[in-house]
Structure formats: C-alpha cells, structure tokens
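By written order: A, B, C and D. Residues from 1 in each chain.
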Amino acid sequence: MSSINLTVNLGQLQLKNPLVAASGCFGYGTEYSDVVDLSTLGAIAVKGLFLQERPGHVPPRIVETPSGMLNAIGLQGIGVRRFIDERLPALRKHRAVVIVNICGTTVDEYAELARILSDAPGVAALELNISCPNIKEGGITFGCDLRGAHDVVSAVRRATSLPVIPKLTPNVTDVASFARAAEEAGADAVSLVNTFLAMAIDVETRRPRLSNVFGGLSGPAIRPIAVRMVYECRQAVRIPIMGMGGIMTAEDVVEFLVAGADAVQVGTANFVDPFVWPKLLDGLTGYLERHGHGAVRDIVGTVAVPGAAQRISS
Amino acid sequence: MSSINLTVNLGQLQLKNPLVAASGCFGYGTEYSDVVDLSTLGAIAVKGLFLQERPGHVPPRIVETPSGMLNAIGLQGIGVRRFIDERLPALRKHRAVVIVNICGTTVDEYAELARILSDAPGVAALELNISCPNIKEGGITFGCDLRGAHDVVSAVRRATSLPVIPKLTPNVTDVASFARAAEEAGADAVSLVNTFLAMAIDVETRRPRLSNVFGGLSGPAIRPIAVRMVYECRQAVRIPIMGMGGIMTAEDVVEFLVAGADAVQVGTANFVDPFVWPKLLDGLTGYLERHGHGAVRDIVGTVAVPGAAQRISS
Amino acid sequence: MPADVDALVLSNDRLSEAYNVVGLAAPSIAAAAQPGQFVMVREDRPGAPLLRRPFSIFEILRDDQGRPTGISLLNKRVGVVTGALYAREPGGRLQCLGPLGRPFSVGTPPAEAWMVAGGVGLAPFATLAEALREQRTPATLYYGGRSASDLFHVDWFERRDIRVVLATEDGSRGEAGLITGPLERHLALLPAAAPLMIHACGPTGMMRAVAQLAQASGRATEVSLEPVMGCGLGGCYSCVVPVRSGPATPSQLVRSCLQGPVFPGHQVAWNELAPAV
Amino acid sequence: MPADVDALVLSNDRLSEAYNVVGLAAPSIAAAAQPGQFVMVREDRPGAPLLRRPFSIFEILRDDQGRPTGISLLNKRVGVVTGALYAREPGGRLQCLGPLGRPFSVGTPPAEAWMVAGGVGLAPFATLAEALREQRTPATLYYGGRSASDLFHVDWFERRDIRVVLATEDGSRGEAGLITGPLERHLALLPAAAPLMIHACGPTGMMRAVAQLAQASGRATEVSLEPVMGCGLGGCYSCVVPVRSGPATPSQLVRSCLQGPVFPGHQVAWNELAPAV
C-alpha cells in the first residue's frame, strides 16, 4: 500500500481506516467473511440487537425506489446473548473491529445491553440505535425527542466504559440539536443518518408495498440530505462524526469526509456490490495521493464554505 | 374524452382535474403557453412572489443528484405588482386557473400580499410558501415552527376571502402537526411537500456545488418520503391536500391520490418533459377506467392499511 | 465462496415474447455451481436499478473438452431487470454474483427423482437433471404451463433420458389442466416401498399443492422458493420465509438466500408465506 | 413553438477520442431552427439522468431535394449525457426538445461577419455560416484549439466559401497560440468604416477576450454562453447570466434559455459570470 495515513480517531476508538460497514446491511459480519476480509474494514457495525430475540416483520420487507430502497426488516435478531455466544467469537477470529448496534424499548434496556456487552471480549464500541423507524416502541421515539436522546446516552454512558456512539435519525427538524444533546450527555461520537421514514404504494392493488406500511429510505437518493446533515452537525459539535447515507463510490466517501465526517459507514452499497470495500479504500487512497494529502484527517471538514453560509431555518 | 369525473374540490376551489403545476417549476405559467394548453391544467401555482422584486442567488443554482436535483434559485422574482400587471392578464387570456405562491419575511408581508392579490382579477387561490429552504429570512422559519405557521395562516385568512393553502416543508419531525396547525388557523387546504434541505460538494474543488451552499432536493428521489407525509397528513386533517414530490408518471399521480391527496402538483417533471401534462391526464383517466371508477375522488385516500399501522414515532 | 463476474453475454436465445435464455461467460461460477443454486444479477451502467435480482442457474455451458465456461439463465420478462436481460445482445455484459444458496439434494438409485416445474420454474431443473443423470438416478420432469407456447426445452430433457410429463391449462400440449393432475395420479400408482424424492419450482400455489400431495402420500419434497431478495448473501434479512422444524413447532422466519432457496416442502409454513407482491 | 422529437440516431461520426457528430432525424426541429439555437437532449431509458442537457444545433441535415430532415450535434464528451451521445449507435434514439433560444443575428452585406470558435464552440457556426452564405455576407471563421487534432470540419467551412483562420496552442496547425492573436491583428487592420459583426462561442475566457478586443476597436459582438440549464424553456431560472443594459447600469440576472444563449458581448457582466462548475 501507500504511505498515506488512513487511521481515524473516534474518541477513544482508533480505526485503521474510515470505512465502516453500516448496521443492518452487513448481517452480523460473519455472513460476509467469504467475500470480504473483515480485518481490512475500519469496523463493522453489526445488525441492531435487542436484549431478546425478535422475529421481525412479515415480508415483503424491502422495495426498490428511485436510486434507493425502503426497508422494514423490523430488527429481526438473535438477541444479545446469542450474539455474544454465537457470532462474536468468529468475528474475533476474523480480527474484525466490532461496533455493536443496540436498541431498546426503555432507557434501562439500553443500559442493560451496554452492561452485558461491556463484559464481552471483542466489542470495540456501542452504537445506540435511537433512530430505527421500523419498530413501534423505543428506537426512534428516543431519536425524535431531545430529552429522550439525552437520557439514553447518559444512561449508557454510566453503564459502560466502551465508546458510546448514538446514531441519529434524519427525521427531525434540527439534527444538529440532537448531536449537541448527545455530546452533552457524554457520547464519544455520533453517527448519522439512519433511514428516512417513507412509504410506497402498489397502485394496482392500492396496498402498501411493505407489510409494515412504512419503511426506511436508504441509498443514493438520500445522499444530498445526509451530506447536509453531517455538515450541520460538524458545525455544532466537537465530537467525531460517522457519516452515512447513499455512499456507493470513493468519491461519495470523500464527499462525506469533506463535509465533516471523521469516518463513514456504508450500507446499501453492500447489497449492490459486496466487493465494494477494496474499491472504496483504493479510491480514497488514490484521491488523497492525487491531492497531495498524507492523511485522511487532512480533508475532514475542509469544504470551503463562504462565511455567510449557514442553515437558513432555526 | 371519457365520462370520468376528473374534478376535485379544494375547499371553495373546484379544479377541472387534479393536476397542478408546482410553484417554481413552471415559471409564471406564460413561459409554457407554447408547449402546454394552460387551460387544460387543473391549476398553475406560479413561481413564488414577494412584495418586492428579488435578484435571487448567484449561479450555479441547480445540480443533478441521483434521481433528483438540488435547487437554490433564491426566489428570484418580479414582485407582486409586476406580476399582476405583466403576467396575470396573459394567464387570464389563456384561461389558466392561477394559484399565486407567496412568500414574505414577516407575517404582515404575507397579509399584505394577500390583500393585494385579493383585488387582482384572475387569482384563484393563494399558496403560502412557508417552506422555502432557499432564503435566509421568512419562508422556512415559519414552516419549521408551529406557532409561526399558525400565525401566518391566521393573518392571511383574515386578510383575504381567497382560498388559502399553506405549503408545508418536509424538513420537520412531524409534518402532520403543521397540517393540523394550518387547519386550525383556517386554511382551506394544505400542499406538501416543498423540497428537502440538502447539499452537494464537488470533491475535486471541495466547494459546494451550489453558490448558496444548501439547496432543496426534489424529484423521484424524495417520492417515498413525500408519499408517507401525505398519508400522515391525511390521517391528521379533514381539509384537502395537494400532494407532490417526484411525480413523473400517471402511476405516481395515482400513488399520491391513493395515499390521501385530493390533487397533486408536478414540479421537476416539467424540466424533464414539458409535454408531460396530457400523458398524466390520459394515464390517470385510463387508470380510473381500467379500475372501474367514475371519479377521481373515488380513489383518494383509499390505500388499504391494516388497522395497526400508524406512524411509529411521536 | 461466490465470485462477482463481469460476464460477457455469449448468446441470447429468445424463446417467445416473454422468455429467453441468456448465455454468460462465467467459468468460475460454472465450475462451482450446484443444482438449484442461483446468481444475483445487475447491469453495471449509470442509472441501472440499485438492487440485484436473483436468477436460478439454468445450464452449465461447457467447451469441447467439457470444461465449464459459463452459465445460462432462463429469463421471464416481468419488469426492469428481466426486461434488460431479454433485450441484452451478445457482446454486452451483466454482473453476476454467485453461485449462491443451498442446492437441491441429488438422490442416488434406487431412489427416483421427480421434478415438478411450472413456467419459469423450469430454470433450476436443467442442472439437477444433469446431476441426477450422472448418478444414474431415474428422473421424471413434470412440466406445466398455460399453453404449448409456454413450454420450452422439452427435448433438451428428453435427450438426457428424462421422462417428461406435460400439462397445459388450455390443453394445447400434454394433458389439459394443471401439472398436479398427472402428478397426483402417478403418485397413487407408485408402490409405497419405492423410494422417491420430489423437487418442485414454480408458482407458490403449485409448490404448495405439490408439497401437500407429497405429504399425503408420505413422500419427501424439496421446493425452491422465490421471495424478493436484496443481497443474496445473508446481509439484509429481506428474503425470509416461514419454516418450522417440526409439524407442531411455531414457524420461524429464515433467510432463503442462506438456508434456501431450496427447502424441504413439509417445513414451509405455506399459510404464512407472503404473497409475491 | 418547440417540439419534443423522439429522434432516430442516423449516424455517429467519431472525430476523436472526445468529439463526435451525431445525426438525428428531426424534420420539425430542422425546419424551424435558426443559427445559434439549441436543443435540450435526454435519453429515454430507465435510470437515465433526470435533467436534459443543452446542445447547439450543429448542421441542418437535408434530403436530395434540400428539404430539412434532421439535425446534427457536435458533441464533446465530458460526462454522463455527452458520454452517452458519444456511444450512441445509429438506430438508437434520443429525445430532442427544440429549437430553443434567441439566435444569432445574420448580417447582410456590405457588413462582414467574423465567427470566433474555441473547441466545441464551433457547434453553432455551421448553421450561421450557411445563413450568412445565403445572404452573401462575407464570412471568416477564427477557430482555435489545443492542437491540430482538436480542429474539425475545417474543409466543411471552406467548401462554403468561409475564409478560415486557425490557431493551435501547440502550433501543430495554423498559428501558434490563442485564436485571439490573429483576431486582434486583423481587427487592427480592418478599416474603421468597414461594417463588421463578430460572433463568438467557446470557453468563457475566450469569449470575454473577444468581447473586450471588439469593444476596444468599437466593434459589435454576439457571444453564445453555456451556463447550466435545467429546462431550456424559462421554467426553472437556473440558467441566469448577469447582463447590463448600459455600461453604467447594474447587472441583472436574466435567463439565458430565453434571452440567450446569444447575447451582445458588451452587455455581459463578465466579472460576475460564475465559473462553470
């Protein structure tokens, strides 16, 4: 490889490069060990976990939309204990850096999950899913309420010494205020964005295309909104940001970094091209070389914005 | 034509069909009189007007994104007086049904615009742009604040007997609460959605692709989010809804109607295909015939949603 | 370990207005493929649909020495990507990820194998037929369609010593009616002691009927389901189907890209299977 | 009144790795087109870019009787749509909306017309050359490019009795340097009394230099600007350029799809013109 320094720091957590697999788009990681060398990723945010196993929603669970997709998986999952017993050992064997994405229906559940995972060897950080639009209780209810978000982060902060990274929903008026609330509550970093709450209707049957009626929009369609939100949060907080939403190419990775993300997550692109990871890494390295930068962090937040520019609303 | 009843009622305003040109995407209407018979449209929402002329933003003002576009025109416009003198007569000659989209920086300005336009012959309704993401003052500041939205609508309601249709921004946590506020303040209908605040960066120059830094995302990319918002508002208010966001085909028109829109607006599609209007009308008529419906209103809000389904958050 | 092959289109044989067979250069997939496995296909051009689409591997293409050089897909045009596969001219390219999924089990004599295909459900049976033939397992293809013009490659199977039983809904070829008609009669005639495995692929209603007929006569089945699939690799959890491990146990939603697409017919909770959208 | 023509691609003449000329069947556009007008082009396939792209009308194609049958576009490959135009084979289709915009003014003798083209800025001058010839207006083409291999259709203009002056930056054809070099010298030589109109199309820097040279010698210019355009019909207000009606009046942003793309050079507020992104 080249002499470029690809490492990034997310608070206490140092990653070997800024490319992280997004939660829910990479299974528990082990599913991809055949096609991706898991140790080459900055980290893997595994599929969202509750304390308990969950069956998820009845299919159809996904539908394609223009330059995007809706999903309503409903957080089907094996629960945190089985994850620790059945998946974590294999992830460690593959030398994967594991960020566990956790989801609860109460503040206590989040804290309990954090405690359980703190004792499990091989967990690098906790991502708090306070933004899943696909479940009835918990999840997004915390993510759409500043107080709720603050409470969840504080509780988890007290329960663990692992890095705590709340994941913000874009379905709010002012995402930067949530980033600030997270920072104040002691988050090590924030990640954003989760999916946009959306809906698609089959006009022939006049029924929703998803069994759950609503689903979350991801993919290139949302990228311009996600980039704006990362930029806004960069202006609002000092803690590191993991940016995501529609990243498909190395150019998209750079766009998020330049907007203010310290690292990026890649979700939907895994479905399109599971071999995307080395392409992203090579493309990013090539970009940095071409522009004469020795380190990823040299370009973070460097978008040249004329002084006057700022969010118009609020 | 067929025997299908295409008329729709938006409160006091009856339209001959549910297809309305979206504000800012059809100039002042007159620009299109060569390619579209303006009298065949349900109505035309003309480009947003302030009391005064406005120069708008420095170019570049648009940029294409995956299945969408960003715009930051900055409401360049000729002001309400010149509109009345220079454009309204021609629109009347073409027998266009004119909805005037108005924008102010204060509540009083909205009211003043409403008074001026109430006296102008040939204005069918007022659309209150409380949702433009592209100007610094006014606009979206009202649209992101329930109180502000209520105040603007009430003030305009008192100032005019024309139908009053606030246009809602999607850049909020709970769009339905804004529809309710509008209804309570005496709106005849609501239209939604305006564009999503977004940003695109040229990674080679690391500068924003728009001179204004931020722009509004429109086009097919946003359709699933817009459909969800129309559905949510349909559950929340009794007043009619004009739905929009990424409509390109007759199938998309039906999707919005079925989700709960009484009429639809078509914006970005005009740029792609200025001859889209007869295609939409024929496609809609064909759909209704094929499904044995005698009137547009028979399908409005008919999406079959299992009892349990409802917005998960808030 | 699946490969993603930027496959050259070698041939495009249009069988009818709706069906075609696309030949693709993909030696690595061809060499690894087992009967019933699938590939995830996309077009690599700006603006092509985001998500890949699943297709059964139809034939294994071979060179003069019998070495695997590629695969073909039996395609039925129903939407954007199947439309593109129908239109694709030789010389073009398609991105093919595979082989994926759990294959059919290939029985050995004295067991017999019956394959039941409806429409494009014929796709996984060419590779299965060849594998059965290699084992010298006596095999029958039950193949149904709307009319004679919907039945393809019948002689392909006959040339490989597969007994073929046909049915068309309009009676234009083979027996009039559904393919489950002859299947049911033949099942009744087969001595209970004669071992048999039934493999089915086609419309859900057909597979369900086959599984129930088989169960009633105590026969094992394998069905190849066709849910919507987002990734094919177990990453997205979109492709789940309800299966139960025992007749009384509650069903569980399992990923058909990993645990399927081939499932024991009696394990599928047919009542809970979502209708294809 | 513009038409949207689903135009058959008649020919694709690749001039270099970057440039080509696409011939399109579009009789109605061809019949109505005036020199300097443009069309808005898109591909009608799922996933094609949303917005149309503007292209000058290059040639008017005619049948044996001289009746207009179509148009050609001189295309320079820089991105998605220009890439598609480069790749498009005869037999394909392109959606063409036009003719649009304010044309060049076609001078009459004794006035002379000088056309100044840089790179793909040659595009609007084929139709202008023919119109000038019809008026018997003496015409010169000043045509600059990076090197000889960037200059095309020179003999096309010569066959139409256009005097051609060439310049290349590397000196491989014509004069070495920028085309404004010979232009400036020739301007100096032209008697002040001889009427002249200068038309320019090319990189912004070139057009600006031409407008300033001309103004310095009291000559009128028309420049054809190339801003980003969203609709071409005056609907979106994306294509604005700063123009001023008098030297002292403040500039106004006007839509170049309606009031342009051709503007009097002295009206353009060159300092305020946004750099092409």
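In this text, a contact is a pair of C-beta atoms (placed from the backbone, for glycine too) under 8 Å apart; a residue touches a chain by one contact, two chains touch by 3 or more.
Owing to the predicted nature of the structure, the values given are computational and were not obtained by experimental measurement.
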| field | If a chain touches chain A and chain C alike, it appears here | value | none
| query | From chain B, which chain is the farthest off, judged by mean CA positions? | reply | C
| said: Between chain B and chain C, what distance separates the C-alpha centroids? Give it in angstrom. | reply: 48
| remark: In whole angstrom, the CA-centroid distance of chain B from chain D equals 37
| field | Length of the line joining the C-alpha centres of chain C and chain D, rounded to whole Å | value | 57
| Junction residues of chain A - those touching two or more other chains | 67-68, 219-220
| message | Can you pull out the residues of chain C that are in contact with at least two other chains? | response | 49
| said: Going by the touch rule set out above, what shape does the chain contact graph take here: line, ring, star, complete or other? | reply: ring
| query | Got a list of which chains touch which? | reply | A-B, A-C, B-D, C-D
| In the complex formed with chain B, which residues of chain A make contact? | 65-68, 70, 133-136, 139-141, 143-145, 171-174, 196-201, 203, 205-208, 212-215, 217, 219-225, 227-228, 231, 246, 251, 254-255, 258-259, 287, 299, 302-306, 309, 311-314
| In the complex, chain C residues that touch chain D | 45-49, 80
| In the complex, chain D residues that touch chain B | 1-2, 4, 42, 49-52, 95, 97, 227-228, 230-231, 233-241, 252-253, 258, 272, 274, 277
| remark: chain B residues touching chain D in their complex are 24-27, 31-32, 34-35, 47, 55-56, 58-64, 67-69, 71, 73, 76, 202, 209, 211, 219-220, 268, 270-275
